[in-house]
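Naming follows writing order (A, B, C and D), and every chain is counted from residue 1.
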């Protein structure tokens, strides 16, 4: 059976990546692509890399245009999908790549985003260890899925095993991320210009203000933090179009052996197709996961510093957004989880 | 039927890209990967992006290790495949990604490469218009194929239609290419260091010395140049890991209309799955073909300068090397030509 | 004596570079910096790299604010300086970094820019060989100077010696430029976003439409082209913040020896502090001139192609704009020509 | 008075940067440049960006060639300067840019470097607050100076004020650095190739193994840590040729106000010409200090995480190495401290 698919927000980077992956998915057929200011244009003029979808034309992002499909992927700016998706039938699988349906706590929404709150949907990080088993279980049969924030899911995947196993201290977490500017979308702002980013490393949202912080804390709560985690979180834009390399460290719970630490991560991801713990002494690079739905995690115990250090590489547009959305949709619909997704990065 | 495959030179960039594509090819199964100094290592340690091939171990590049497969892809340094492949059975499909079997003329080999000459194999650019139809025809049933040089095939695809149709002057060709450093392989030389290339544009092989020049001239001869083409060819390394953007211009044959020029390219590539002429006023970027087996060509007639200007974007490791090799192998074996290859680039 | 200086358009990239250089100039003192939307802000908030000028505050770009200085550098968008500078006193040295006063021919202005035409000022490329000696001569004592277009001056410096000496054919010129995106200024347009430019080579203004073409033709006319030059000109944006690497080739006049070619360039630039011909077999990289007021030229004769190939590297913001402006101002005021400018690039 | 200068290791990146700065220094004259495998070559062939030093030729790195100068700057690989500099007269000012003379503790040397230990020299970070005043005091009149490690001095400058003032916990420090590959020098190793680094973020020396850790701990001891600091330190190579952006965080000592935190850094660097604390809410980018001897520090207190977050940007080759060396030499010789150094970065 082939599922009919619509993609809302098809002219952005996340929308384009959804389409790139959907074009190679054997059970999905993209029938409708919507946009705002680009409505009326041929998709290929806006997304010139999507040659196999040259037959599609962008239409307005309206409930009418999105209805009548089996699956609707929504890749709109934050705050734009909440109301829109209330108009879609309950039996339609809707996967939202925006932030509107990620947070369970309306106070977090108010504090970090603001505007109307439309409630949380099933969170689309299947591999996340929770106190009730993997998050994957909750996705089976779901019809409303919130794809994760790219930075948030990277850090959650990096640290959740240690929280889950009780080997790291949830009150002493530090994450610093090297991120590519595609995560900011096509927003026409000075800090996103090439001349500002080439040859430079540029921090932003320093000091606890990044919107993905409550999402990380929520994931770590599910993973078993007894009190809510506190995390120092700093993203740094670096001159690569895609990718996140998260260095996430945590204080080691005193008395824990290095073997116990490694065992925590190994057991969490042993059977995962897309999340891989690298062997002792190996650490990932973002190039290794470019274009792939893979998260690679390297792990070290720094005895002198009393900290566990994790290095996690993902492609922010794939495992961080569009790939997570499709993987979650596969699970929700009962398809093979890996359909349309690749494990292998485009390197160099 | 699944064909068993060996890849010689699997630890290099071209070898890695062959494996990335082969891993997603439904009719090929990689059984053997060979290397020189890396023999004995697990493939995943040398090519950490190839997660789905983590079960493979590199063995020595010997005729014994390569024998017994249906298809052997060879990605060795120039001069290394000539002798080696003489030991492989005639019925084995051998696709050489090196230069050893590209040139028909032994004098060209001697002048630009040197060392023993092992003769030309069927050239692996299926879309090339020749005086006897598309090059594709010659590839059907072939068992010895020379994959093209990445720069050479880019320029040949860019200019051959105009030569073939007689609308440009083969004696007045100029090509300047922006190229990524992956084309130089893993060679440990100072000019290949990141600190030398980041933030800089670096020319090399200026003034008619690049080894791909005779290969271009050969392709244009096949396309119909009445006397051998003369071309000024200058590659410039720019800070992107992959990609070639060739600006190839030619003097317009006096009296030719802009419509006749466009018709020459349109008719050459109208039905091609992987080579696309963009509409008037559109020009490609290398990001649009990253990871894809696609060549995108933009075309303009500059009446004031009396020249035709073509802009061609390819991924040097895919359409320029590994993708061309697999596409040619598909044709040779009677498979669907597009198997295992994608039209859509990984952008941004 | 110290000259008082105002810089109009101080919040842009060209304005910032003027200020960086002026801050190190022993005879110039920046007293006034003007802006449009940023007026009222501290300069350091808009140009955080200019620590030594942290005491300055941006004021509105008005004739009143610009008056009362010995020297006014204008770095406004094209079309914005023509009217404004009519209000400045004749005895004030005004150096315009925009295009408004570069072109002698009002038809060229109308065809490539449009809007009101305010006439040509003395062109600020001192090293340009003309039929009446170096352009430098015209700059002595000048009070209205048009700094060059960065692409235009690069190509003019590259080819003028060959035109001047009669060894290349002005009717068969081809230039392809790898350029950094800072040349586009802080314009908030999609093609200028980092995600569009990182990892990609992007052509623009293909097919004879670039605004610098008439400026090149004008320079080559001064250099001695008997009929106006025709040039195929293609710029390609590459992922480096600054720099231009121009590959400019020309048909060799039949019968010219390679020695005569080299002599043409050697004699043109033998005594120049900032324009250097590299030895046979050497070619420049843009990193070698980053931050410097230097143009480096490599030269080859490609006998097989019958062409002269020049490779020229400059920093578009220095020798291409702000450095040329200051060098020209030094000459106009009778100062040592090299004051405040460096020959040495910031590499790697 | 002009001091005669020799630079040992002039063909590397640090040596080249020393020469770039020395060429603009009014009181230093470079008379001798030495190299190992490049001895005998003209300097300009090895360092093509140093046009103003084109008259120099590289000679062998021997005590004989280095003797007879007022100042000798040494930029050799670690372990190569210890023995060599024992042959230089005591009255010669010797500034070593290698690690050989940085560490006071021979056990640290043995553990992180190994080989013969030649003792510590005066450490060349003038701005470092110590329990006995600024480090600058110790540099006055010194004749043996150890220029700092680039990563080490960045982190020390970032955290020392908080240690010195007692507002952060020296036992809970985390630093993650985005660094450019020029810090690795011209070493011909696979991880340094452009194709490995372009488009990717690559960690190295993860888990407490980086050689700069004992140097940081030493600086923080001088700054007043009552027990030796423990720090989790992770460098990440990103695709920019130069620059370090250090995100260094520390647990806030309970009960400390945000104002007290800011006061600690403000008082430490209030009068420094080259180290600047940015205002509340401002954070630096590496482009802002490219080519400059400036360290810019942004500071935030993350109350929720209970941590102080510092962001520090330097140019690894200038303030991190060659600029620090020259600044220290200026102090040692009684010259104006800022001679030959610039505060303004080359941005964009």
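Going forward, a residue touches a chain if its C-beta (ideal position, glycine included) is under 8 Å from a C-beta of that chain, and two chains touch if they have at least 3 such contacts.
Quantities reported herein were computed from a predicted structural model and do not represent experimental measurements.
Trainee: Identify the chains adjacent to both chain A and chain B in the sense defined at the top.
Mentor: The common neighbours are C, D.
Trainee: Relative to chain D, which chain has the most distant C-alpha mean position?
Mentor: Between chain D and the rest, the longest centre separation is with B.
Trainee: Give, as an integer number of Å, the spacing between the C-alpha centres of chain C and chain B.
Mentor: Roughly 38 Å, centre to centre.
Trainee: If you average the CA atoms of chain B and of chain D, how far apart do the two points sit, in angstrom?
Mentor: Centres of chain B and chain D (C-alpha means) sit 45 Å apart.
Trainee: Where in chain A do residues touch two or more other chains at once?
Mentor: In chain A, 13, 182, 195-196, 198-200, 239-242, 284-285, 287-288, 290, 347-348 touch at least two other chains.
Trainee: Touching residues of chain B toward chain C in the complex: what are they?
Mentor: Contacts found on chain B: 171-174, 176, 178, 195-196, 198-204, 206-208, 213, 230-234, 236, 238-243, 245, 247, 249, 251, 283-288, 290, 298, 300-307, 309, 311, 313, 347-348.
Trainee: Quick one: which bits of chain A touch chain B in the complex? Just the residue numbers, please.
Mentor: Touching chain B from chain A are residues 13, 16, 20, 23-24, 45, 47-53, 182, 198-199, 241-242, 276, 282, 284-285, 287-292, 294, 296, 342-348.
Trainee: Of all residues in chain C, which touch chain A in the complex?
Mentor: 13, 180-182, 184, 186, 188-190, 192-200, 239-241
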